[in-house]
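In what follows, chain A forms one complex with chain B and a second complex with chain C.
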Partner chain A sequence: MARNLATQMAPPFVLVAHYFIAAAIFYAVSAFLLPFYANEIDGYFLSSSMASLIHLYLLGFVMMTIFGAMYQLIPVVLEIPVFSKDFAYVQFYLFLGGIILFCFGLGVDKYMAVVPYGAMMIYLSMLIFVANIFLTYKNLERFDIVAKYIFASNVFLFIGSSVGFFMALNLLYGFYPDLMSLAKIHIATTIFGYVIMSIMGVAMVLLPMFSLSHGYSQQKIKWAFYAIITGLSVLLVAELFHVSELFYTGVALSAFAMLLAILQMFDIFRARIRRQNDFWAKNMIASFFTLLTCIVVFFVGIFSSEQKYFILFGFLFFFGFLLFFIVGHIYKILPFLVWYQRFSPLVGKMKVPMLNQMIKEKQADVQFFITFVGMALGCVGIIFTSYLTFAIASVIMGIGTLLVIDNIYFTLTFKPKKEATNAQ
Partner chain B sequence: MSSFKKALHVEGASVPFFEYEQDGMRVIEFDSSTCVPPEPMVNAMLGLAMIKDECTKLIMINHKSPMGLYPKIDKNFEVQESKLENGKVKLEIFYKKGLSELADLNDASCMG
Partner chain C sequence: MLNEHSVIEAIKTVIDPEVGFDIYSLGLIYGVAVEDSHVSVTMTLSTRGCPLHELIQTWTREAVERLDGVESCEVTIVWEPAWNITMASEEVKKALGA
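On to the complex of A and B.
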């Protein structure tokens, strides 16, 4: 049995910290801006101001976290080192600059001209990431289901970011009239092809690791892989050739894949040894429950053709499912990285802190509750088109964000109490 | 023949350690099967530091095979792994003359 030592292949902490700290800042900025979007809850789902906020959140918080986590997880999951760490630094600074330019241009009309420049930087950064992943795969020995998910998700990221760059150029120069069609392909490939598939793949590593589960079947996640690949491919072909019946077949297959993934996560949870429902478990349960609700809301939107259901879907997906999943894992992964960097060399020499001491657990619990209440109230605001309710809900969620940021700061600057560090 | 298990105080450990005599050997035992990384590794490093002769062995119960531990110890200790009926894994770790003393037990890093 090959017993590779993942730590020898892991990237330096400072690299992953770049991504996680930037993600936390973008999360805070997005949360601060959210109440100002209250009067858009009955607006157009694809407006440029909405696109500005969504990209700030999705690129700045969600993708930034995923990229950082991937650099950390790939050596663990695939048992090979990432092809180039230097690529990862270059990618980070291009991505950071690109997001700022791109979202600023989309959000402030008179600076719309900077959008293609921001988009170009983002596109280049994503090409570097995708190339880095594909070059890493050259040395892959075991092509298991997680490796398949990560590989396929990066193929979709390449397609989705290429279409996104094309859309940004088109926004200014207007050479392609069917913007809606491009938007559908862009959303399907980036959000469902990349974000969802990455989450489905890494969840198969993270959930068993943090819940201590084993002995469950992986059949559902394997079927889900083929269902989502087929679904998204059918959806793309349908959109390119304007075959609406096929488009809905693709949507249904993709939704079916997500249902299978949710069932797989349920199987993992049922097999867990670690039975206590800590803040991580609560975030995971809320995350997959919200994803299930999203699927229902999406189909209600399709059948009713009411715009508010798509807004509700987007809100639940971004500020519910993704938020709970990412925040729950930040609480687990960040203390681990800081511990490994700062305390692992001290084991045996002095009493070292445990991971649960490196997070304010009660605060994490309170934050979960506040965020959940804020999200639920936000849904009420959207359903009844109440700007005030939505604004109050987003302020409540903002309080939750501050608690997350404070906990991240606490972990990054963690100093053990004196009695815990007395030498033996 | 084995003696009663006695609690053993191990500074820095996050789970209880026990010691007892079995067939003329001193056995040190801990159960990290409900711990997430890096706790199994931390406790293993503390336990390994107590294997100082051929008459002492360490027993570690974990929820799965500790893949991150093997590359650190398999040159310096003899390790026997067996699966328990409840699905957990039992590691019996023995002293290797001339090699166990050379083990670097300060690096408790692991990645799951």
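On to the complex of A and C.
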């Protein structure tokens, strides 16, 4: 019965819009700040100012988008309604306030004391989200590979956010000396455990849906699931018990899982019926190509022990892989949400716009090109430690951001042309 | 006059807003049966997790029920045989680059 209720079970548009609009604002702020971090490209990747920008981008843009998208996608991919929409609203406001406090405290030294308060709000918001997801799973009928990914990713989110909260308290009270181990566990569980696993799971629904792919095997993504769970678990044990050999085993297994996921996405793309390389397809190809590059760069960093490769890895991962994946899907999901809210009741009564008319397609193409050039130039800046090159690259990427924001505004306020609204 | 042809013409007014083609040309309609004033439509969707699932089903039913002589229309979604591009019209295949 649940199978044909995907849209009835979906949350109200206004809920998802909260998350998406806040995410767009955080994206714009992060892009604006990026050029000011040019002189940190040869710095320490765990510095508090760097942590401020990374959290602003990761929590404010990436995770805000993922949370909003999850509330919309869970009824579609799991075919069950989200347990509580009220929880989602409470979570949003706690998360929003928490991010502002937390990042402000990390970024401005004299306000460092507010960091634990911001962290507490973020932690509470994440607990609400995780509880909401787990309670949703009580009604799950089909525990397929996508359901497994989303479930496991939320277990990692719980661990990662708990460690993050502990780190924030530790920052102020200093009761635990091994900050590096905590940071590694926090990064592994939140970025690879939550963000990557969520993307791997939902990509198995979104990519075939938007590219009309059929007839491919899911074997690689299934192996990837067990590889990443094992890899991250080994990594946690290695850090908790300080066994460095195990750490590299965990890293290798996690990287192997990501390689399998990339190959799976390649299989889906090979089987696609929709062959046009539109702005979505370009973003997806760039996203997974960048993820592959990230894996290579990470291992170069491990073997060379040069800090700049970890900075390069982070830059490519955040402003390449995640950015392309999220922006590509915002261009697809947002028009659908607006269309569903405003135009679906008019179907059969009036001529309604198509989804592709609700995005400035040419602008999306230009934005993709600009962002890609900016990202590539940013990599050059980091590799050759050129502050100026990196600052120019950041400005170019900022132009790309403005184009994304303009397109989001266009979709949210979309007005069909007169001829498109004439009665049929 | 109500017959399979008129029902199909009505179904052709239902457009998938994502792909931009009507659901008949996409090959999503597997069968149409007219029995007096009752119409049964058997159809599929291009993907199982389609967020438009329930809407497309409703639009199809409403489009058929707007025809003169139709008292009721039942739309059944099936997943076997699974949809593939060979079921679509040549125009759709060409437009999608298939």
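Details
In the analysis below, the second predicted complex is superposed on the first by the 421 of 424 C-alpha atoms of A that agree within 3 Å, B and C clash if a C-alpha of one lies under 4 Å from a C-alpha of the other, contacts with A are read in each partner's own complex, and residues count from 1 in each chain.
FYI, a residue touches a chain if its C-beta (ideal position, glycine included) is under 8 Å from a C-beta of that chain, and two chains touch if they have at least 3 such contacts.
Treat the numbers as computed from the prediction; the structure is a model and nothing was measured.
Look at chain A after the overlay: chain B and chain C clash there. Looking at the shared chain after the overlay, A:296 reaches neither chain B nor chain C.
Once the two complexes are laid over each other on the shared chain, residue contacts for A:180 go to neither chain B nor chain C. Legend: residue contacts after superposition of the two complexes on their common chain; A:237 is shown touching neither chain B nor chain C.
Contact with both chain B and chain C is seen for A:209 once the two complexes are overlaid on the shared chain. Shared-chain residue A:380: touches no atom of chain B or chain C.
Applying the stated contact rule after C-alpha superposition, one finds that A:350 touches chain B and leaves chain C untouched. When the two complexes are superposed on chain A, the residues of chain A that touch both chain B and chain C are 3-7, 10, 76, 205, 209-210, 212, 214-215, 273-274, 336, 339-340, 344, 347-348, 352, 354-355, 424.
The touching residues of chain B, when paired with chain A in their complex, are 11-12, 14, 33-34, 36-39, 42, 45-46, 49, 63-64, 67-68, 70-72, 74, 87, 105-112. The touching residues of chain C, when paired with chain A in their complex, are 13, 15, 17-20, 46-47, 49-55, 57, 59, 62-63, 66, 77, 82-85, 96-98.
Considering their complex, residues 3-8, 10, 76-77, 79, 205, 208-210, 212, 214-215, 273-276, 336, 339-340, 343-344, 347-348, 352-356, 424 of chain A touch chain C. Across the complex, chain B is touched by residues 3-7, 10, 75-76, 205, 209-210, 212, 214-215, 273-274, 332, 336, 339-340, 344-352, 354-355, 424 of chain A.
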